[in-house]
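Next come two complexes, and both contain subunit A; in the first it sits with subunit B, in the second with subunit C.
== the complex of A and B ==
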């Protein structure tokens, strides 16, 4: 996935690409995570999937938005896709909550500011998307469970 | 150099300059999005007002990007003023936007660039 970063960067400004500010925020966060990783003992051990998850969410963020706009009934695969994206967000939020606590304890105020700013920004976008889903009458219980996990992790980090 | 190569360079930057380097690097995704958003607005139904000076602002974004890449390539240049200008452009563009979520996008872009500026003293 790492070799495609330049491609991802260029896609952000492409007029016809589905990527918007959420993906832009995730890529910006990725750059800073690479720096924090170098200065944090056992980062890889503590957060083995965080960076990979951030790049995964780069593509999943526009897909979730696209699914939220669909008016017709979902295929089973589409629900599975949306639910998996929510679990990726839940996992990302859990890691970010722990990382923010870690850098705060280390007294790294500017890192805290960046991480907090990006989490708050992405959470605001995610909440708007979830509201659109909640208006559907065919929401499966699995979706509600995944959403609950996301919201729990948002509350834990607040 | 490709973005992944600039990321790979973080560990080669002297420790005391590493934060500044990484944070300036992290502005590039925000700047690419700024380009997309201002171009969309300008080519849409309600382009920017004359006060925004679209042509000048768009040119300044490209010049700012060049300064950032020069900084990442190790040149001692005017990256601080370039970052200040880019952050201001995003805030100025935001003034012409009514939709709350888009206003938040411009604000995030401006804050991301401002934060990088704060690492440069």
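== the complex of A and C ==
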């Protein structure tokens, strides 16, 4: 895993890197999750896909941004891709809401602040991307459903 | 906030509001940053009161981080450099992330930094001019083979080239060395054409970089530093806050 992360760091810092601030923040969040995991019993059981999902979003975040910039009509595959990314975000937000509540209950104030800061930042840039999508006239209903799930989870965590 | 050399201090909320309005109103922003941008990432400002310059070492830091010291006392240079200047575990803070976000939105044209830590790129910024170089670029002085910062950090004593055994030198501008001409020209052009110049985390005492802001011809120059400095009078908007804390409250 350490090698995989090192590889991602190099991808992020490369001059022609396709990665942006969202990926950087996700990588920072991954480190915070590892710290929490060290101090938490059964973290993996409670959040079996969270860390994996964060690493997945590392690659998906710039892809969603790239798709949002496309002016032409989407191919069906591109809509599917965008919708799947939104569902990954929705699932991640659900986990993060639960984790923040748990960490807050455990009195780990410093970790709550770190998690909150990263989530707030990622939510802000996700919302910006969603606004770009909303300007399209060809949004499929499934996209709107996925977006709604994302926005509901954002509201729950606010 | 101090306006045009005024006398009153304002709250963080007021400073955020004022800076946000200037950012919202501009589409050609350039950021010029110094050590204070990275202090909230755990990288000490070696000119600040609690920084490296006041810690005990065999030689004064200004002397150690100099061209002649590197050549005549390379082992001691690397003892200091690896211990105090290679913070490879440091992560981008809210300021680095916000600037990358601002660039992504198209409003920020470039980051010009005096820092050598590579944190802007790690935050996702693409257009970064590193006036003082980067710890992430290292090369053999004989055959020019490139090496990572981790290789330098992990080396025992003076890092050597695995191909020719030459001494490896970090691509950072040491005292007694000049800045890269291309970087200077590029930075000056960006500053000259900017509409809003945000200067943060630098006391603007090290030349030639400190003279760069004289080239600004735009509408607003904002100076952000934790503490007041002699450079305050050079900006029309001055904010005394921690850079990361302030930027964490801004939006694009």
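Just so it is clear, the second predicted complex is superposed on the first by the 155 of 158 C-alpha atoms of A that agree within 3 Å, B and C clash if a C-alpha of one lies under 4 Å from a C-alpha of the other, contacts with A are read in each partner's own complex, and residues count from 1 in each chain.
As a convention for this text, contacts are C-beta pairs under 8 Å (C-beta built on N, C-alpha and C of every residue); 3 or more make two chains touch, one makes a residue touch a chain.
Source: prediction; values computed, not measured.
On the superposed subunit A, the two partners subunit B and subunit C do not both fit; they clash. In the superposition on chain A, A:52 makes contact with neither subunit B nor subunit C. Counting residues of subunit A touched by each partner, subunit B versus subunit C, the larger count belongs to B. In the superposed model, A:44 makes contact with neither subunit B nor subunit C. In the superposed model, A:28 lies in contact with both subunit B and subunit C.
In the superposition on chain A, A:65 makes contact with subunit C only, not with subunit B. Only one of the stretches 7-15, 61-69 or 79-87 belonging to subunit C overlaps subunit B in the superposed arrangement, and that stretch is 79-87. Touched by subunit B in one complex and by subunit C in the other are residues 9, 12-13, 15, 20-21, 23-25, 28, 31, 117, 121, 124-125, 128 of subunit A. On subunit C, the positions that touch subunit A within their shared complex are 91-92, 94, 96-98, 100-101, 104-105, 118, 121-126, 136, 248, 251-252. Interface residues of subunit B facing subunit A in the complex, by the touch rule stated above, are 2-4, 7, 10-11, 18-19, 21-23, 25-30, 32-33, 35-37, 39-40, 43, 101, 104-105, 108-109, 111-112, 115, 118-119. Considering their complex, residues 9, 12-13, 15, 17, 19-25, 28, 31, 65, 117, 121, 124-125, 128 of subunit A touch subunit C. Within the complex formed with subunit B, the residues of subunit A that make contact are 2-3, 5-6, 8-10, 12-15, 20-21, 23-25, 27-29, 31-32, 34-35, 38-39, 110, 113-114, 117, 121, 124-125, 128.
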